[in-house]
Amino acid sequence: MKSLLGIAALAIGVGLLPLFVESGVWINFVMMTLYAALLAQAWNILGGFGGQFSFGHALFFGFGAYTQAIAQLQWGFNPWVALTMAGFVSGAVGLGVGALTFRYGLKGSYFALVTLAFAEVFRILAVSVPFTGAGVGMMIPLKESVSNLQFESRVGFMYVILGLLVAAMLVTWWLQNSKFGAYLQAVRDNEYAAQAIGVNPFRVKLGAIALSGAFMGWAGAFYLQVFQYIDPSIAFGPHTSVEALVAAIVGGLGTLWGPLLGALALHLLSDLTRNLFGSLPGINMVIYGSMLIVIVMFLPRGIAGIGLSVTRLWRGKRG
Amino acid sequence: MTSRRQFVTQTAAAATLLAFPMVGRSQPAPVKVGVIHPVTGALAYSGQQCRAGALLAIEEINKAGGIKSLGGALIEPILADAQSQPAVGAAEIEKLNEAGVCSVVGAFASAICLATTQAAAKYNLPHVVDVGVADLIVQRGLTNTFRFGPGYTSVAELAVTNLAELNKSAGNPAKTVMIIHEESLFGSGTANLLQKSLPQVGFEVVDVIKHANPTRDFNNIVLRMKSLNPDIVIPANYYNEYALLVRTMQQQKVKPKAIYSVLGGAASSYKFIKEFPDASSGIIDCNHWYNPKNPRSQDLKKRAQAMGLFFSYELFMTYTAMTLLADSIDRAKSVDREAILQALMSSTFSSHIMPYGPTQFINGQNIGGRPLMTQVLNNDIKVILPIEYREAQPLFPLKS
Amino acid sequence: MADIILSVSGVSISFGGLKAVNNVSLDVPQGSLTALIGPNGAGKTTLFALMSGFLKPHQGTVTYCGQDITGQAPYINAVAGMTRTFQIVQPFAAQTVLENIAVGAHLHYPNRHVALNFARDIAQQVGLISQIDKPAADLTVAGRKRLELARALAAKPKLLLLDEVLAGLNPQEILEMIPVIRNMTQQGITVLMIEHVMQAVMNLAEHIWVLAQGELIAQGNPNDITQNAQVIEAYLGKGAATGQSTASVVTNAPSTQVSFASTQHTNPLLEVSGLRGGYGHTEVLRGIDLKVYQGETVALLGSNGAGKTTFNQMICGLVPTQAGLVKFANVDITGAHYTNIVPRGLIQVPEGRKIFPNLTVLENLELGSFSRARARRSENIEYVFNTFPRLRERTKQLAGTMSGGEQQMLAIGRGLMAEPILLILDEPSLGLSPRLVEEMFELIHKLRETGLSILLVEQNVAQSLNTADRVYVMENGALKFSGLPSDLMNSDDLRRAYLGL
Amino acid sequence: MFDFSILFASVLNGLTSGAVYALVALGLTLIYGVLHIINFAHGAALMVAMYGVYELYSKLGIDPYVALPFLVLGMFLLGYALQRVIINHASHGKDENILLVTLGLAIVLENLALLFFKSDTRTIDTAYSLTTIAIGPAFIALPKLIAFAGALVVSAILMLLVSGTDLGRAIRAISKEKQGAKLMGIHVEHIYAMSFGIGLACLGAAACFLLPTYYVNPQVGSGFVLIAFTIVVLGGMGSFSGALIGGLLIGVVESLGGLYLGESLGQIGIFIIFIVVLLFRPQGLFGARA
């Protein structure tokens, strides 16, 4: 219950923000942070609650973005319809990848690397086949109207991403308070013990990767609507995968607020360093990278784990 | 370490620029201009070259007494880093807008320009695109976006007509063409255009090969080239891959009648010629190029080299974009964005170092903008076409 | 005879060379409380795995409620009402006790709240109610055993397989657990338990199966079993069945008696006093005082879970010491890093061999002299090969592909490579066939004759007693007996410790 | 569609490139096999080594092949220090943290390079950079031949080290049986660091063989990481012979793929192999079941 109130508070708080903040920088900052939080939360569903580390979540992101683009440009769907589709398509892709990888019992580094490879395969395909616009990428025309899911101010987009994030967080809350979630975490912590009391690990993992993929897909669709242009390396390149997993891990795996905290911390960090040292190319990223290491060194359980007892710092799930 | 020295001098230059306003107390308020480029990440080199070009222009303008119509107000560059990501570029525009810039110059790469111009449009913030050759940039009806240089369509078209011309004057020695391009927007876009238009002027495109950035090894591409044996090879890619490709051709003893690049990443780069005199010799390029007859371009070149920088197209393209903007601000007689937009739209800017026709912006594109044909001849880059800028006779076909 | 809920007929499985379970058949009657006992490495846990579907038998069938479930996935069996616990407790460490139990409860209660409430009832039953909000990782051994039980109970099993839920508990805790288990049968749950703590087995089980070397050697009610010569032999080793034969063995080892007496006055080689410690929150050792003199062979006996292995690891520097003193060759090595202990010649041949499976036999031996006696490596290899001719034949074979006996020899050989001053042998006879056990002890005799000091940690009592100069018996992390083998043979401590009588 | 001479040249070329990939992969597979770390800083480390080669050549005029021993030593020390000082402490032994730490290291190294060397691509033009040798109908660049031979030699040395010395035995022993190793007095943390050091030392060698025909810039490493992962998986994580053969194989696949499908699409073959191997033979084509 407390968590639900928290989510509500977040929704209302951010929802009212535009009344007090006009600064485009801050609105944009909030929007991009929520966006990063959505990526992280999506990754967290599979990585944090399911213990399955993916290095290729860009796969789902890319499918979402391209679905959004193709549905509009080639099938003439309304962007809102496309947005809905994007999540389902990516979820289905998740099912496919999961069915393959989990059926053959891949876990740990093996699962991580296979996801990486899947993302890369589809990046190359996207570069090579015509209906994705190949290397030229896809650009949706600039038609700013709510019905067209394009807003003249970032505020509109901020509400869209807020809605998506809240949905992701509600799902996460559900994971913490449902049979499915309990089973998922049981499988993460100990597959054998879980089986002994009636859990089917394969089905549970499938559910998780589908959910995770769906939200990643919505994030991709959102990206396209905001920046209007997508190309294979933006869609399937490693950058998005890394952004998602770093924020999730830094924030705290398998927690409700971790991904948001992680995204916030990392965005503050990168914006700060960029604005302070922008004129010395490189040093900002040096500081960013060092901070990443320092955070891991001192918060092994992530930012959300600060409150936890010492013993819990050291125990907990295995990758 | 020269590299470190370069780095220091460059940032020092930036620092002094930023210091200017404090120096002159009596100065009117400085004119803030956003300079946004991908100075870190994959595109860092080009981004930093661009930034250097902008800073050189601003230094020159400020030394010459700033913006006259604003009582000699100095230009204060607000630097921004797009980190080679469109999303970051867009975020940086927001930052520049809050910093109160009256206009923006940037952002080298097409994908980033798409994001920054659109973000700037939300604030009616004038955005001069320095390089960004993708035509999408100026085809979206954004009223704040202006590109002084040519887009790849016009470059490709000109390249094709010029190639036909060269070939005809040499007695049509060349029939077949092979296109090698990098897989992203710029390479693929250019390649598509060439593929369409080359047959119309009587060339047969025997193969089009796309490659990733980075590509570790060009031998198999060159071997393919060897077996298809095209008369002309047309590369459209970035510096690293271009350099590797040409070197590999030399290693594999593949000598087509011409290497005829379109916006070639290295073809008309002094860096490349310096490092690989043999591999580069004879290469023809249809690319952004300065007016060799204009003395200003020569001393700009010297200033750049004095800072340990190569005089690359990124540098003088952004330099020019910056001077164009300064001119418009001067004519606008204000830092009001709308006024600057008007000034840009009506600009007939002529005191620049580019070999362009009369400046006229239509839907944000300067129709006067055009590339030149250059060829690497005895370790220097010489203009071969059009005639009015010709420095040397073209060498075509290459005798081998 | 009540109808049969679980029936195993002729199941066998083997790993590498070792026949872990060999043609075992048994029928578990509905509603009964039965036990499966046998020395370590007898194949009990493997048999559980075969019953519950974690392993697929190479031969034989498993029938549950009249249906053939051979090799059926464990979770399907669990849905059908067969659940198990694990010898090595497997909590969902990151989650609280209540959450752990709730996972089980969800099998029948999809609704979260209902499941949590049911989980609370279960926690109440097994006496965990006070700790439901702790993370499972923070529980004591006893607590985790309870949790293991609770989680299985929450899944409302018809048949419950308990794998050593009492091991490692102190007598008090055991006494608390017994009613909990009995209570289950009263609820109509059929219970089959693997157990080492015999007093529990004896007063709980109505029927007992005895497994040894993967084969069913005896069954019957508790009294028959305790009288069964085969069983006694399986536990206490050859000759223990008849008292006087062992006595003779002890007495016809005068040399040792002398060596023992003579060393009395000199300083001990290994001197442990008041040693305490364990893992995380759980104290395994509750103050151990133990001495080994130069040239002596000392046996440390005790049922498993008694803390013997922890003791070994602690003196070798693998497990942190919480209190007490460890002196080796007159040097205080308490809490020293293992890289400072091994070079002094305190060499352990660990339980479960811990040889390097991906290295060849020769390489294993070579690494034996990694930090000691490297100079005389080749001579020592020769010596080891002469001691174990069978290893010489297998020089280039990957150690992991050898049979258990050969691996044990390799482990000892690897230890000898370091020219140990004191050699600790942890369960050297574990999981070996009787013939190999014989060989193993002959070897230990040989080593002892060479004047090597040995600390022998064993379950095979009679054999150990034949070999040792002095004996310690450990129970629940404390020493219950210390003295001469002959004294122990005639005392009840032994039978109590092993057969719970 | 291609006549023999082309195919022959393409295969030869694939082998020469593959040998260098193998060298990069050897380091990765060693680190993975022992520490079970997926080292994301591997590419960055390669980049550092390449700048090392560049600096030695351009400032001190030391030929890349002469510089090899220094590079190997330097990279070894770097690796040892990184593992012992940073990774080991920061990771708390948790996979996800190790992942982040190596990721962080990669970011730091890449941008330090950007800071010190600027972003421009650097190449060295040795006397032999463009020399080619005719083997039958094919031309192979001399440096690539040297790289091929060199890579084989280095991997041979590495394998001798790992199979023939106590250090090597200890490295392999620890990868499977930590406690047993401790009881033999083998210092686990030290061996871990040694493995990481040796892993990076391989990159030192790779850098020396690469630079005469390649270039260096702060991002150069990224181009080699993914392919190195592929090779490691193909050869079986932790298998050295696997990495070598896998490297050569991938080199050839890449070369022929590029020849027939074109460079961009040709890459896909590599990743399809990668996925298929992971699914159906996760122990790798040559690795033994873990």
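In order of appearance the chains are A, B, C and D, and numbering begins at 1 in each one.
One rule holds for everything that comes next: contacts are C-beta pairs under 8 Å (C-beta built on N, C-alpha and C of every residue); 3 or more make two chains touch, one makes a residue touch a chain.
Here the structure is a predicted model, which means the values were calculated and not measured.
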Other chains in touch with both chain A and chain B: D
Most distant chain from chain C, judged by the mean position of its C-alpha atoms: B
Between C-D and B-D, the pair with more C-beta contacts: B-D
Intercentroid distance (Cα basis), chain D paired with chain B, Å: 36
Centroid distance [mean C-alpha coordinates] between chain D and chain C, Å: 45
Gap in Å, rounded to a whole number, between the CA centres of chain C and chain A: 47
Chain B-chain C separation of Cα centroids, rounded to whole Å: 75
Residues of chain C engaged with two or more neighbouring chains: none
Touching two or more other chains - residues of chain B: 39-40, 44, 47-48, 183, 210, 212
Per-residue overlap in chain D, given as positions that touch at least 2 other chains: 111, 114-115, 119, 218, 264-265, 267
Each pair of chains that touches, named by its two labels: A-B, A-C, A-D, B-D, C-D
Residue numbers on chain A that touch chain D, as the complex places them: 47, 53, 100-101, 104, 106, 108-110, 112-114, 116-118, 120-121, 124-125, 127-128, 242, 245-246, 249-250, 253, 280-286, 288-290, 292-293, 296-297, 300, 313-314, 316, 318-319
Of chain C, residues touching chain A in the complex: 52, 54, 73-75, 78-79, 83-86, 90-95, 99, 102-104, 106-107, 110-112, 115, 135, 137-138, 151-152, 154-155, 280-281
Chain B - residues contacting chain D, complex: 1, 3-4, 6-7, 39-42, 44-45, 47-48, 183, 209-212, 214-221, 223-224, 226-227, 239-240, 243-244, 247, 250-253, 271, 275-276, 278-279, 310
Sites on chain D touched by chain A in the complex: 32, 36, 38, 86, 89-92, 94-97, 99-101, 103-108, 110-115, 119, 218, 226, 229-230, 233, 237, 264-265, 267-268, 271-272, 274-275, 278-280, 282
Contacting residues of chain B [partner chain A, same complex]: 11, 14-15, 18, 39-40, 44, 47-48, 79-81, 83, 85-88, 90-92, 94-95, 97-98, 111, 114-115, 118, 122-123, 136, 140-142, 182-185, 187-189, 192, 210, 212
